[in-house]
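Naming follows writing order (A, B, C and D), and every chain is counted from residue 1.
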Amino acid sequence: MSAVDEKFREPTPDEIAEHKVYAEMGVSDGEYDLICDFMGRRPNYVEIGVFSVMWSEHCSYKNSRPILAKFPIDGPRVLVGPGEGAGVVDIGDGQAVVFKIESHNHPSAIEPFQGAATGVGGILRDIFSMGARPIGLLNSLRFGPIHRPEDRHNRYLFERVVEGIAGYGNCIGVPTVGGEIVFDESYNGNPLVNVMCVGLIDHDDIQKGVADGVGNPVFYVGPATGRDGIHGATFASEELTEESEAKRPAVQVGDPFKEKLVMEACLELIESGIVVGIQDMGAAGLTCSSAEMASKAGNGMELHLDRVPQRAAGMTPYEMMLSESQERMLFVVKPEHAEQAQAIFEKWDLPCVDVGSVTDDGRLRLMHHGEEVGDLPVRAIVDECPIYERAIEEPAYFREVQAADALSDPELKGEEALTGALETLLSAPTIASKRWVFEQFDYMVRTNTIQAPGGDAAVIAVTDSDKALAMTVDGNSRHVYLDPYEGGKAAVAEAARNLVCTGAEPLAVTDNLNYGNPEKPEVYWQLHRSATGMAEACEVLSTPVIGGNVSLYNEHTEGAIYPTPVIGMVGLIEHQKEMTRSGFVEAGDQVILVGETKPELGGSSLRAEVFGKRDGAPPKVDLEVESKMQQALLAAIRKGLVQSAHDCSDGGLAVAIAESAIAGGQGATLSATTELRGDHFLFSESASRVVISAKEEQVEELLAIFEDAGVMTQVLGAVGGDKLEMKVNGAAALNSQIEVLKDRWEGAIPSIMSRDH
Amino acid sequence: MKSAVLVFPGSNCDTDCVRAVEQVIEGDVDRVWHKDEDLSAYDFIVVPGGFSYGDYLRSGAIARFSPIVKSLEEAAAAGKTILGICNGFQILLEAGLLPGAMRVNQSLKFVCKPCKLRVEDGSTRFTTGYEKGEIIDIPVAHQEGNYYCDEAELRRLEDNGQVVFRYVDNPNGSVADIAGIRNKAGNVLGMMPHPERAVRDALGSSDGVRLFESVARYALDVQKEFA
Amino acid sequence: MFLATVTVTIKENVLDPQGQAVEGALHSLGFEEASNVRIGKYMELTIDSGDREEAHRKVVEMCEKLLSNPVIEDYQFELTAVQKGVAL
Amino acid sequence: MFLATVTVTIKENVLDPQGQAVEGALHSLGFEEASNVRIGKYMELTIDSGDREEAHRKVVEMCEKLLSNPVIEDYQFELTAVQKGVAL
């Protein structure tokens, strides 16, 4: 059957009420009654359809708004905060950086290639509809395990998601420069695909999605509307079930080539200075873009749906309002500029059609062949969705996992056991090199990528400037699961630390909250606790949240996914020569551990990968210490005292050192002292730690900076040779050829992924 | 000298090519839109990479019929210097300005990475800045770079010395490790690797600079000859 | 042995960007008479089986598991008995 | 009106990476009986013409100019008379 059966007859308003047709669209009884109040009558089919998508979680944030209210959103550099397509942050000289993250989890579960591809397309539109030129893409991905023979479906999802991201980003010519990937049982059946886009803009060009100026024409641009993804927004706001299979036509196919044309044409249009308001058609398509643009201006809008370019014959107003066909935009100009606007799109061979006008009555009026088929109050659809303060309950698992003694595992003693554990960790798919992934992405196009994927953060040079932008996405959901508050703090702290490791000053955050069903009190507790932690960290680290996305109802047969907040962060490097990398640079350089190592093995990679346990209290972040450490490190980097810097995260100190050695193609001979047990010292995942290297003659000056800041340091030894050798408290601990470590780290994912071919 | 960078719908390395040419070659660089029909003003024409027409059907197959390609053919016949990079190379193949065809990479996957090339001929107008046999670093980024020609054609290419660049470590399965070829007359070069992405050390390599310098030097020599 | 020829096409309501681009190109080449261009995949496989029904079952399984993507594509196929690649 | 169904295949002696990969994947899924997998393109176009011969000529032209690349591909097609998309 096609998406909508030709013979389907739309139910009447009374039938909708009597048969509770609204319930199938995700509207509750209470919401339906409220809608009838706003309308002053029972809504017809297209009207209830409009309400249902606008009042879905995806568009209204009805469950998450109280959570989002916790985040700090102001800062001296913030030019546009949450609410617009994307946030905007000043980087000086009249320029600004624009960025946002979006999820495409459910579509990717159903059709991984197209789901991921259209996710990329959507986030790009958010950026260029602000008037910004997209300069970089990142992604944060979660899948079930891939390493066992029976994980074929997870390998398929992983492979196709990566190809979908590549297919779209490469074609449109925006480099995909970074990301993170985690494989964990928790994501079986519900993978996560979050995509972030970063753009660059001149202050003067910043656009808003407002339908100002009563009487102004409203233009539709981009490819024709088809019956794609009808009810996609509602779909994203429901749990995945067997029935979702039946909703398969909700999957949309992306056309990156069309989007490239739309992007160039829109940027040209914006450059011309005639745009009054512009917005992309994302989730809930024409409905959301028209209603939001009208609402922001306090106006109304009249749309003539028969003028909308259509891909299929006989499309109904309902289908046109709810279609999520990709690569489409809506914009408003003054009547005298209409011709100029149309000429631009003509040059790019794109349809650009006058589909309506701005009105003063606050109504969204839908016309079809001269007949009024819908008449809705704009404010009610956009702003009056009820907000739910959901019940909160601490889940039973929390006490249990907190009580587990993470230090009780048998001690790994001696060179062989410790080096073996390191090799195991390096070849765990979550920690292993993601080269297999990022070599499928064109990370070089636009010739500004001065730090390619593989380091702590990607760095993109600003054209015709000495500045550069560092960008990263991070989030350790196992830690968030074990302690949402601490995990939330840690996610923000880690993202900022990654930026600082490249020599960048963290500017601001975009976040993606991927959680289970918020109607479950334990899930809402996770949301609440983790957001509290994130908010505190953003406050202390002076990185306001300028936008984000919420993806709830991520559940599979065994319950909710791990609570997965993903932090996207962008930082500024004032002078490109100050950029640092994670790899060791020169033989003789001194290797220094910055920060304090505590016996924090709860939720660690060591426990998960070597002992098969995923419990215990995760590391705690002291935000004041984190902040001091980051500032001291940044100061040292800016003074030219740091040769390389790499943060300690998954797998702790041992993995961080190994990665610096592999990246630099050089070994090191190191020796540490500690009060901890040797294996705890090497694999603890305590926060606020970084492994740096420095020229011998600069070590003293460098250490003084940290000492003044009250940050602990320990000089471990020197870079050099082709082996990584490390003693702990005088006893041999790590001993391996760099080539061997590299093979483990680089070879893990390719060898797993060649299995099915 | 005057340079042109062609722009097709879906080209995405046009800006990078303009920047590289501006950086290395003295003189104007224009972007020339695919609907234009006149290239007579230009000494050097770059057909840049990207996904012209989405690379739907076959890469380069649709772009090859753009109005501008007609004058590109004329420019080629007139001995103008033409460089096709990546998708540009594919367009030149589809247009028949160079022999052979592209298949999807052996891995079926897009591959983007730094790549080592051996310069097979240091005497073409594109390569006088290199030594024959020199190994240079120029990145690749493509999904359909698996060059194919039949055996007879390959023999012709080899006999005429038309293979200009070869991969040291073949990333896509191309016959005879071919990374770049020229036409018989020597004025048209097609290559999958991106020299315009190797023009600053900060990008990982600046080995591409000498390719553009060679082109500029050739133009200067021709000018002198005329004078 | 059988030769299976499989065609995989994009479902009717699903966007076919390739088909659209090719249709546009045909028009600009002057082939105004071409319309509704849809592009799919064509595959040939030799199936080593003596039994037509078994071969049929196998090909159905291959199509559903690997050769087509049931979310957005439909498939069709034909079986021809062959001997070492030659039609009988 | 005619419906043209075109198949474009990679020439016999040209290595077909896609076919190889699909064959490998079929084997790893346990379909040992599949061999000689070749992958090509399948296209459907409606040809607005009242005359079969003219339609035939047009499709040949489209195939040679655009739809196939004679260096590595062969093409084949069939024409079916249709009325507004319905077979006669």
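Here is the rule we go by: a residue touches a chain if its C-beta (ideal position, glycine included) is under 8 Å from a C-beta of that chain, and two chains touch if they have at least 3 such contacts.
This is a predicted model, so every value here is computed, not measured.
Q: Starting at chain A, what is the smallest number of hops through touching chains needed to reach chain D?
A: 1
Q: State the pair with the higher C-beta contact count; candidates are B-D and B-C.
A: B-D
Q: Would you kindly tell me how far, in whole Å, the mean C-alpha position of chain D lies from that of chain C?
A: The separation of the two C-alpha centroids amounts to 9 Å.
Q: In whole angstrom, how far does the Cα centroid of chain B sit from the Cα centroid of chain D?
A: The answer is 31 Å.
Q: Where the CA atoms of chain A average out and where those of chain B average out, how many Å apart are those spots?
A: Chain A and chain B have C-alpha centres separated by 37 Å.
Q: For chain D, what residues touch not just one other chain but two or more?
A: 21, 25, 29, 41, 66-67
Q: What are the residues of chain A that contact at least two other chains?
A: In chain A, 255, 257-258, 349 touch at least two other chains.
Q: List, in ascending order, every residue of chain B touching at least 2 other chains.
A: 53-54, 56-57, 61-62, 65
Q: Which label fits the chain touch graph of this model best, line, ring, star, complete or other?
A: Shape = complete; every chain linked to every other.
Q: What residues of chain B sit close enough to touch chain D in their complex?
A: Interface residues on the chain B side: 57-58, 61-62, 65, 93-94, 99-101, 103-108, 146, 148-150, 173.
Q: Quick check: in the complex, which residue numbers of chain D touch chain C?
A: Where chain D meets chain C, its residues are 7-9, 19, 22-23, 25-26, 29, 31-49, 55, 58, 61-62, 65-67, 85.
Q: Could you pull out which chain C residues touch chain A in their complex?
A: Within the complex, chain C touches chain A at residues 10-17, 20-21, 24, 69, 71-72.
Q: Given the complex with chain A, which residues does chain B contribute to the contact?
A: 9-10, 12-13, 15-16, 19-20, 50-51, 53-56, 109-113, 139, 141, 143, 194, 196-197, 199-200, 202-204
Q: Which chain A residues qualify as touching chain D in the complex?
A: So the residues of chain A touching chain D come out as 755-757.
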